[in-house]
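Think of it as A, B, C and D in the order they're written, each chain with its own count starting at 1.
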Amino acid sequence: MSNELDLTKRETFRQWTYDKLRYCDTDRQGHVNNAVFATFCETGRVAFLYNPEDPFAPPGTEFVIVRLTLDFRAELRYPGRVDIGTRLLSIGRSSFRVAHGIFKDDTCHATAEAVMVLFDGKTRRAVPIPESLRARLEAL
Amino acid sequence: MSNELDLTKRETFRQWTYDKLRYCDTDRQGHVNNAVFATFCETGRVAFLYNPEDPFAPPGTEFVIVRLTLDFRAELRYPGRVDIGTRLLSIGRSSFRVAHGIFKDDTCHATAEAVMVLFDGKTRRAVPIPESLRARLEAL
Amino acid sequence: MSNELDLTKRETFRQWTYDKLRYCDTDRQGHVNNAVFATFCETGRVAFLYNPEDPFAPPGTEFVIVRLTLDFRAELRYPGRVDIGTRLLSIGRSSFRVAHGIFKDDTCHATAEAVMVLFDGKTRRAVPIPESLRARLEAL
Amino acid sequence: MSNELDLTKRETFRQWTYDKLRYCDTDRQGHVNNAVFATFCETGRVAFLYNPEDPFAPPGTEFVIVRLTLDFRAELRYPGRVDIGTRLLSIGRSSFRVAHGIFKDDTCHATAEAVMVLFDGKTRRAVPIPESLRARLEAL
């Protein structure tokens, strides 16, 4: 499914959040350090899934990221802010995949894909995604 | 080639460096934040490629990371240090792939793969990897 | 002069900027790690002094921070953003002092004072602040 | 008491720990970003006070940092590691002061002073330091 989507286009994403660049995000090469992009993805994931009033993860379970793939597409320069788009790609039995696009102005600086698994907080094992959560994720 | 390697085993790696965990690496879930693993990979890459006396990248060129894939395998707890193994996976025309294994004590906490491209500093385009660099990378 | 000012009040500051809190700013105690406040102060300083079109520091000189004092006043919780107020406190021969207030909603979470020195980029020694720069700083 | 001590000398400190510099600690000025020094101080504080087998803070209480003063003394360059010395300066009724020295090779890059207060975890108010804790801190 991700093959059919162009993650470098803003119109691919409907869920948006942002991060403000910090001076210390830069490194001595002069641009924003590439590890900070993992943080941008986390900001996108949290905005996508975090709802303190009505949590996505059923009681006793939690989402755990098991894989993150980052494609760096352009050097990112301080100062400014990045817009972070997030989109559901697919849902499996106990996992789902989301895509991110990191934009500054009109330029896509990175795209990413994250695989999240629903874990039982006690057994630390993957558990099936309940239908209600599946429906809610698909609605995003 | 990476399919044949077990990146979760210490014996897969010959090049080693480390990072010391910092209290601020933890997040409110109590473990080391997953974005910090991108930094551990950078530490591994830099130790692998950084040689101030005899730089790997030919004059006027530089290595740029274009893709990073992180597989999170176990929660990482503060305090302590992580051992970071790095290994060349393959060399293409203007790019090469390296693998990382992030270990604490006897546990592999993450594995990763990075794709690096040799760029011309002025034209910002990929350039072929010279034979001398190819030989040097293969010797690692 | 700072003794007469109440840095915990928003009305003490006229120059404002902000930082957006990031999930990784938290530590395992559950709140924003105290070292991140030094970054908020940097954000305030940069917003105060950074003007790419018309730099404050004369050619060949640069501002260097020589002292930072942070007073932590309240636990800071994710998510949200902090408003960062900055104000000139005093100007000496080659240095000046600024104060910061870090606010979230109506609560002052920290105040700070920074001493900046004007350095010659080559000799790495303090140089007197020119009259034009002095006037410009006082105008802030 | 701190006036009598030369915090820029290694011999002033008996308690030592270290941090390994990371590439992302640098900023676009080419040196280690000044906010990272607050992290080095935290590393020193934690090494000074953290003892999982026999915690310093009595049950139901915790140490909270209320003030941190950093004096930046020299530009810090990547790569390498910093040695962090920590020393008790004085103990008050419910607070104590520690000093830090941040060294790389033979150079002191920063000194710092932190004020810690013992807080009741529930009331969030300062509580007196018990005699046993006072003796233990003085023994350091």
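Observations, loosely collected:
Here is the rule we go by: a contact is a pair of C-beta atoms (placed from the backbone, for glycine too) under 8 Å apart; a residue touches a chain by one contact, two chains touch by 3 or more.
A quick note: this is a predicted structure, and the numbers were derived from the prediction, not measured.
The chain with its Cα centre farthest from the Cα centre of subunit C is B.
Two chain pairs are in question, B-D and C-D; the one with more C-beta pairs in contact is C-D.
Each chain gets one centre point, the mean of its Cα atoms, and the points for subunit B and subunit D are 32 Å apart.
Centroids built from CA atoms put subunit D at 22 Å from subunit C.
In subunit A, 23-24, 33, 35-36, 39, 42 are the positions where the chain touches two or more neighbouring chains simultaneously. Of all residues in subunit B, only 23-24, 26-31, 33, 35-36, 78 touch subunit C in the complex they form. Of all residues in subunit A, only 33-39, 41-42, 64-72 touch subunit B in the complex they form.
Contact residues of subunit B toward subunit D in the complex are 18-20, 22-24, 39, 42-43, 46, 50, 79, 81.
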